[in-house]
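Following: one structure in structure tokens, then a few remarks.
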Amino acid sequence: MLSDARLIAAKDLRIEASSRVLLTQVLPFGLMVLLLFGFGISPDRQVLGEVPRRSVLEQVSPGLFWITVLFAALLGLGRSFSIEAADGNLDGLRLGGLDPAGIFLGKAAAVIVQLAVLEVIVGVGAILLFGVSLANVGLLAVTIVGATVAIGCAGTLYATLAAGQRVRETLVPLLVLPVLAPVLLGATQATEAALFGPVSDGWPWAGLLGAFALLYIAIGIVAFGSFLEES
Amino acid sequence: MDAVVLGLEDGWQYVVPGYAITFGLIGIYAVWVVRRGRKLSAELPDDERRFLD
Amino acid sequence: MSEASKSARPDGSNRPAVQLRSAVALLGSFPALAGVDLDVHHNDVALLQGPNGAGKTTLLRLCAGLIGPSSGTAMVLGQDVGSANGRRRVRRSVGLMGHSTALYDDLTVEQNVQFWAAASKAESETVVPALDRTGLAGRLQTVKVSALSAGQRRRTALAVLLCRRPSLWLLDEPHAGLDKDGRELVNGLVLEAKDAGATILIASHDLDWATSVATRRIDVVGGRVVEGTVVEDAVVKGTVVKDADA
Amino acid sequence: MTRVTTTQSEDAKSAKSKAPRDAFGTASKLTRVFGVAAFVLTSALLVFALVISPPEVIQGESVRLFYIHVPSAIVSLYLAFSITLVGSIIYLRKKSIFWDLMAGAAAEIGVIFCAITLITGMLWGRPTWGVYWKWDPRLTSTAVSFLLYVGYLAVRKLELPPHVRRQRAAILGIISFANLIIVRYSVQWWRSLHQGTTLDPVDTQLDGSMLFSFFLGMLAMIAIGAWLLVHRFRVAWMEERKAEQSLAAAIVERQSEGRS
């Protein structure tokens, strides 16, 4: 299972290395969304009664960051499955002798790695644009890992459910976003706690993210085979 | 608004639409389901469309 | 299951390689196959012929275990294609070349063949000979698939097929889009596979090329097999030339 | 109320109509029992909830929304989506088409009642909180659950061969229930950290005729839900039969291709 996963993940990452679609299209999209948030939420507005004084933008930056990641992840998932749908490649994967659980873990792992890179760059963008000062890197790292694995696994599972369907592009966001609502909550809360304190409030949320990630790894391993069958 | 004109007490202007929407929605859905059932049963042979219990 | 797995090997069983009984297969809600009865014996080279939309492609996909029959039975290489487990087992021992070539545009020819060989649990040593045999060795090897012509893509798909060493070959219009060399290559590979004991199904409109290797012709019309004729002499080359839409 | 009149007019029609051909519909003794129960209970509910029961001390008249808001939430989130879960599990074990259709019918009714829960909840919130939406944990998680099951219904409509679609729907029916629980608890946790206790529709203190109205609401919503479920299931069942028939016809037509 794990060697199959490695094969699939390596293939997806090699395709990205060669085509650079995520790097040249999805990443700029993410950065643009950050700018748009700045336009949408006036950057000069201050939060009242907070000590130290913060701009509204800084105050809500954790949520904005994770919403940006979520939207970018939808595009990344779309890409991850359009390379399989383009030329009957899903049939090829079915015909191969790979373990479906391995295919799931491989596709999810590739999405997770790419998303993690995107998160780091968009995160730097958010720090610069929204005037956030970095703190509690440990909690932030755990949050990013947990949330990214959760998004990658749940997203891959639901994207497969709609793979090969004409309505795929519109159906996947409808399916994935409600499922990922708790992840957005947890990631935002944990990030807020890491940046603005108190840190102790953040760890339970990071724990929730970890539990969610593990749950979706398990569901994916069990259910992916059925979703991959016939489409 | 209307509630004031009609002299309704505060709260009624939310209660009445609440009940109207609730039973209106159920009603529309019920009509849709029953009509669809009738239409389908007219298209099927007798033994496939009779529900006796 | 023990009985079925015994007959999974082409040798040591006289059960046909493909045995369909009243098999119905759906595309959405359309019955692309409307009750197919078909026996294809081991080591046959069967030519499926019939008009566009007759159900040839769906028949091949059914034999590949990519879809299951919605009614009737389908036994392929001794496995029941009606069950998910049977389909999974069948898929490993078939090689399908369809209209789509199942290649990744952004990978090179070599990377594609290597990936699919690994995904099919084929030995990695099979890659180089397969590239040689299909005429892709050398310059083309490191070209991205997106830069290939339709014929070169097909050759790449053939190389993947070679690596898989399937015991049942399912070729959907294998001659289409290929030059004369390519068509000869296809026929050569089919004959080699036959000599190695494989069973081959070819759906083709390119009758002059396909009949030259076929041992048997099967007519598919309206989602059914209407008649099957045995070609006594495998060299009937050039007798039927009416591939208007091939 | 409307749905009961439909049943009754249906009976009247079948008595009048000469050709009983189109008179069957999805009605039967069972639906009549549920239909009459729903009609009686709903009438009683309207009388008790809107006329007899008094306004509440704090909430005033808007407490009356409570008698339909909470019952529809229970019917939707606890009953309907549980039937979807159970139907999905049984389908996966026994491949029973009955339970696949039951799961789908229940989900659709659950979504309708979920919408009612949201609407009545917002209408309750406006006079109570001053705003339609206050990110109340129950209401917020209900909104997400609503979308979860809208997605489930969308998957049921995918153009796939029936057995493939059923399999996927069944798996999704199970995962969706897990998601429902996760969403519920994470949202509750989220809100509990950020605000003190607010007035929540479920915390309402009831007694006497108010409590009785609530029970009437519960029973009425269950009766309506059951009535709808039987009808909706039968519609799905007949759709299934019809699909079988048109498939049989399509096969005959397909076989005659190329013969003319």
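Brief remarks follow.
Going by the order they are written in, the chains are A, B, C and D; count residues from 1 in each one.
Everything that follows uses one rule, which is that a contact is a pair of C-beta atoms (placed from the backbone, for glycine too) under 8 Å apart; a residue touches a chain by one contact, two chains touch by 3 or more.
Everything quoted here is computed from the prediction, not taken from an experiment.
Traced through touching neighbours, the fewest hops from chain B to chain D number 1.
Among the other chains, C has the CA centre that is most remote from the centre of chain D. Mean C-alpha position of chain B lies 56 Å from that of chain C. Centre-to-centre separation between chain A and chain B, using Cα means, comes to 42 Å.
Chain centres here are Cα averages; for chain A and chain D they lie 33 Å apart. Taken residue by residue, chain D touches two or more other chains at 159-161, whereas all remaining positions touch fewer.
Contact with two or more other chains is made by residues 67-68 of chain C.
Multi-chain contact residues of chain B (touching two or more other chains) are absent. Chain pairs that touch one another: A-C, A-D, B-D, C-D. Contacts from chain A toward chain C in the complex involve residues 7-8, 11, 14-15, 18-19, 83, 86-89, 91-98, 229-230. Residues 9-12, 14-15, 17-19, 21-31, 33-34, 36-38, 40-44, 48-53 of chain B touch chain D in their complex.
Across the interface of their complex, chain A is touched by residues 64-68, 84, 87, 91-92, 94-96, 98-107, 111, 115-116, 118-121, 144 of chain C. Listed in rising order, the residues of chain D touching chain A in the complex are 144-145, 147-148, 150-151, 154-155, 158-161, 164, 167-168, 171-172, 175, 178-179, 182-183, 186-187, 189-190, 193.
Chain contact summary for the complex, chain D toward chain B: residues 1-3, 6-7, 10, 21-22, 24-31, 42, 46, 49-50, 55, 59-62, 64-65, 68-69, 72, 112, 115-116, 119-120, 123-124, 126-127, 224, 227-228, 231-232, 234-235, 238-239, 241-242, 245.
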